[in-house]
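Before I ask anything, here is the structure I am working with.
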Amino acid sequence: MLSVLAIGGSLRRDSFNRRVLQAAPALALPALQISVYDDLASVTLFSEDLEVPRAPAAVERLRHAVASADGVVIATPEYNQSLPGVVKNMIDWLSRGEPVAVEDKPVGILGVTPGAWGTRIAQSQLRHALTACGAIVMPMPQLYLRSAAELFDADGQLIDARTRDSLAAFLAAFAAWVHKVRGTAIQGRSA
Amino acid sequence: MLSVLAIGGSLRRDSFNRRVLQAAPALALPALQISVYDDLASVTLFSEDLEVPRAPAAVERLRHAVASADGVVIATPEYNQSLPGVVKNMIDWLSRGEPVAVEDKPVGILGVTPGAWGTRIAQSQLRHALTACGAIVMPMPQLYLRSAAELFDADGQLIDARTRDSLAAFLAAFAAWVHKVRGTAIQGRSA
Amino acid sequence: MLSVLAIGGSLRRDSFNRRVLQAAPALALPALQISVYDDLASVTLFSEDLEVPRAPAAVERLRHAVASADGVVIATPEYNQSLPGVVKNMIDWLSRGEPVAVEDKPVGILGVTPGAWGTRIAQSQLRHALTACGAIVMPMPQLYLRSAAELFDADGQLIDARTRDSLAAFLAAFAAWVHKVRGTAIQGRSA
Amino acid sequence: MLSVLAIGGSLRRDSFNRRVLQAAPALALPALQISVYDDLASVTLFSEDLEVPRAPAAVERLRHAVASADGVVIATPEYNQSLPGVVKNMIDWLSRGEPVAVEDKPVGILGVTPGAWGTRIAQSQLRHALTACGAIVMPMPQLYLRSAAELFDADGQLIDARTRDSLAAFLAAFAAWVHKVRGTAIQGRSA
């Protein structure tokens, strides 16, 4: 069994990115136990001043959830041709603390947008920032979902067949990635 | 007279980026009236759900301060080889509302870091995001300040002579950029 | 009258990006005199060793064409989620020499792709590199053209009405951008 | 034994990046057989027209060298705050052909610059483009070398002790990365 923490990068109640992740458990292999993180709104804006004497409770909960999972999947929107502040703020907290929760952690990235452009740049920036924190981001497959309004039914269920297939393939590849990464710990630090 | 709103992208009390901006008024031409924005910590994490019926009061204050200024200068740290979530979250709020506060607004970018690498990537991402919002970012000069601890005295005053000269030149160029941009409004929207 | 040099970033004979530029003269205001540069294939791979005693003749011709134009428009493909080597190699040559041909030069960027993703990342990287060279890149409107095969007829003529309108608006905005930039020379260099 | 192809991204005869790679064999574990590729200048500017009936001979040699190696290490300069055209042009060729030479290939990235900024952005763009081609780029350690002129002696030998240690650690980590990646083939394609 592999435990996967799935984090949607939008705080909106009806967020497309969270909905995609909510469809994941039914599409994943039985060996993948996916839980959707749902308290990102409590993770306050980062400041070093808030780290003393210890990080806020919501940050500690997030760090613990990430550290406890075998792998993490992040679904991100794209705002202003770049990574949303909400997602980057989460990364900024996760990059700190002892130990660093995302270090050596297998991470998968995807994103969905109501627009045409598929979160290409946001995912690129997210991949870069996570790598800088020591996470081991799955390089392929990459999942860029657009025209979000067409993918879900009125109840917010992911019904687009092609997207469901892509997501299932993504999750299967991610399980293999987690296994590969867990082989040996080889990560060093930037020089 | 040109009014300039200066925003430091770190919430830390002793932030190097805020300190650089606090040195700006004494280094700028008399025609540049620089005020340092100091309530970024109140700008909550972005969510579309918070825009109804209207954006939070702190967001509205920020938008009004930006809209009222002739130009905006942002000093950003770099976290995890990328733009801090705090700064991007501010941009995400500024990119919304009617009218968009940063649209057609002249903006100058700089950054300071205690490390060696000078906020190169953070500034690149900030420039890109601001441009995507319709801001008119000054292309040159670019100001990358590193080894921050060596630039200030014990009271947090910017004492490094070369940095003071660079900042003065940056501000003089920014005044010229504001004048150039205000010539005519020519911005369209992405197609 | 404004003279505009239009450069297509693909060497392929039937390049979509060159075809878009070939449609530009008929869509531009009469005051815009657009000529399409057609010898990028002769611009060899950059090496400092080739700059002594002077840059290759094809490089000098390119530099002269850029320096002589009032503005430059570059249409770029996207390869591997990034700027093509052919385009960046051209920039690398243009960033050198005395004077630097692109310095203070107004530049417009667009791109067309047969795929779905509209050269978003390539344009972002091109904008960044040009800015680093001292060019003054038009921030908006941005023109991302996709599904290229549907935009042209069998003779390679740009027939898609919406694209023609977008291109005409882009060119009109670029003319205004050139006028704005030429107001005063204010560019400094990176510090 | 692992065979590693080392490619310097500058064509200059006295290139710092090539010199760093030339120091690699003496610093690597005996199990790492490193050969420096030295014919990048023959890899012509990419054009789809040149792929028919088959790619140029120099491209085929490069592809064969990459495909035959167990891993590839690329040392890149940074020009104009971005990846040099010479390096990206190589990637553009390597991303094509059947099979794609870099697909599922372990790749390590480093860079050296005479300036202060350590090829931060160039490496970021190189990592992104390689990942888009299906390569499996080592996330850490990252090696950013600056002030190149101080690292070598008059004969071009890498003599800076700290840099030699960093490079040795980088190569040891890369050997482990190659072993990890070769565990199982799990790569899919972008969806």
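All chains are identified by letter, namely A, B, C and D, in their written order; residue positions are counted from 1 within each chain.
The rule is simple: contacts are C-beta pairs under 8 Å (C-beta built on N, C-alpha and C of every residue); 3 or more make two chains touch, one makes a residue touch a chain.
As the structure is a computational prediction, the values presented were derived from the model and not from experiment.
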item	value
Pair with more cross-chain C-beta pairs in contact, given B-C and C-D	C-D
Separation of mean Cα positions, chain C and chain A [Å, integer]	36
Centre distance in Å when chain C and chain D are each reduced to the mean of their C-alpha atoms	29
Per-residue overlap in chain C, given as positions that touch at least 2 other chains	81, 121, 124, 128, 144
Contact graph of the chains (line, ring, star, complete, other)	complete
Of chain B, residues touching chain C in the complex	124, 127-128, 131, 134-137, 139-144, 166, 169-170, 173, 176-177, 179-181, 183-184, 186-191
Contact footprint of chain A on chain B as seen in their complex	10-13, 41, 43-49, 79-92, 95, 121, 125, 128-129, 132-133
Touch list for chain B against partner chain D, complex	81, 116-118, 120-121, 124, 144, 146
